[in-house]
Amino acid sequence: PELRHFIEIESQKAKYQAQVHSFTDQCWDKCIDKPGSKLDSKTETCLVNCVGRFIDVSLTIANKFQKRLEQGGH
Amino acid sequence: QVKTQIALANAQELLQKMTDKCFKKCITKPGTSLASSEQKCVEMCMDRYMEAWNVVSKAYNAKLQMERNRLT
Amino acid sequence: PELRHFIEIESQKAKYQAQVHSFTDQCWDKCIDKPGSKLDSKTETCLVNCVGRFIDVSLTIANKFQKRLEQGGH
Amino acid sequence: QVKTQIALANAQELLQKMTDKCFKKCITKPGTSLASSEQKCVEMCMDRYMEAWNVVSKAYNAKLQMERNRLT
Amino acid sequence: QVKTQIALANAQELLQKMTDKCFKKCITKPGTSLASSEQKCVEMCMDRYMEAWNVVSKAYNAKLQMERNRLT
Amino acid sequence: PELRHFIEIESQKAKYQAQVHSFTDQCWDKCIDKPGSKLDSKTETCLVNCVGRFIDVSLTIANKFQKRLEQGGH
């Protein structure tokens, strides 16, 4: 059971990191035009909002999809 | 059980693609919350994407059938 | 043999669906500019043609590639 | 048999990439059939892609060799 | 050992993404060698990418926490 | 040991080929606008340089990353 627990946690970490890679990839394209000598606050805000809105879009779609499945239609 | 897993994988793939495409189309400048116009855009985009999936699936089926008929 | 048959069919289904996902992805980019309140007939025609022409391109390339291999050149 | 499988995987990857790239380059507005100009474009695109593959493969080899020499 | 492998996979993924993104941003016309302005751009781009990774990671964590709190 | 050696070599070949596919993909986009009736020398030079500079960028980043790890910072 300990081994299983360990594997579960490591596997969750891997998923989390894969998600961070994916967000960084997409939000980099949305927020950074030319990489400057430092990450200015405008870009940082854009990155934070980008992650937040991506999750919002993801939840919106997942919830609506779930409702569709329950209604039996498609 | 294999069937359920494939169905699940299919739904997950669809959800992921829709999220990526609709985020790209609807959120140009990410703000501090989802604007109602963005929310509306996402919902429309999702409906259109699922319709597109169905149209593509039918068209692919029809084309496969046509190629099969040509060979026999 | 029944199990094998079942696995083969399910595996074909999975391939078919992967193909549909890939077509939808690419044809969405070719045919849809702004998602409207419904899928108009022009967009639907574009999607159908997009799938058809993608398969045509795929067959054209596969056939020509096959011929090259038979001629022994590369 | 491993060799054959790798060769096959390599050919399949090449076919898939060429199809994607040449579809994108040659089919801007998909019509009801492949126009002869599109057909021609696809065939040229395919030839160029395979040539590019060969050029890249040689250049990569040469660069690997150079880096190896620098280290020894 | 699982831990090390994940950490390694994570570093490799980061390196690969940075290389792809910074090559795209900094090398518009590939010349016979890396110009010093390109070299500089690559180094800045790499620093910004790692900073962006950290900002995104924190923001994701905070958002996960917020959603968890909302559910309890 | 022979089998192992064989597998290692084949696995390296597969990695090499995957790399060639990836370079061709990216350098095609950088160097080819419209595929013409032949690969002109300007395009060929661009492809060769593209591979070289990609590897340079990759080495630059890997080296700097390594140094960061050794300094213990991040």
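Going in written order, the chains are labelled A, B, C, D, E and F, and every chain counts its residues from 1.
In the analysis below, contacts are C-beta pairs under 8 Å (C-beta built on N, C-alpha and C of every residue); 3 or more make two chains touch, one makes a residue touch a chain.
Predicted model, so just to flag it, every value in this text is computed and none were measured.
Between the contact lists of chain C and chain F, the overlap consists of D. Between chain D and chain E, the least number of touching-chain steps is 2. In this structure, the chain pairs D-F and C-D differ in their number of contacting C-beta pairs, and the larger number is found at D-F.
The geometric centre of chain B is 28 Å away from that of chain E, both derived from CA atoms. One inter-chain figure worth recording: chain A and chain D are separated by 33 Å, centre to centre, where each centre is the mean of the chain's CA atoms.
Taking each chain's centre as the mean of its C-alpha atoms, chain E lies 19 Å from chain F.
Taken residue by residue, chain A touches two or more other chains at 27, 31, 50, 52, whereas all remaining positions touch fewer. Chain contacts: chain D has residues 22 touching two or more partner chains.
If the chains shown are joined wherever they touch, the resulting network closes on itself as one ring, and no chain has more or fewer than two partners. In this entry the chains close into one ring whose order, counted from chain C toward chain D, is C, D, F, E, A, B.
On chain A, the positions that touch chain E within their shared complex are 6-7, 10, 13-14, 16-21, 23-25, 27-28, 31-32, 34-39, 44, 47-48, 50-52, 55, 59. Those residues of chain E lying in contact with chain F across their complex are 11, 15, 18-20, 22-23, 26-27, 29-34, 38-39, 42-43, 46, 50. Note for the complex: chain A touches chain B at residues 26-27, 30-31, 46, 49-50, 52-54, 56-58, 60-62, 64-65, 74. Note for the complex: chain E touches chain A at residues 2-3, 6, 9-10, 13-14, 17, 21-22, 25, 41, 44-45, 47-49, 51-53, 55-57, 59-60, 63, 67.
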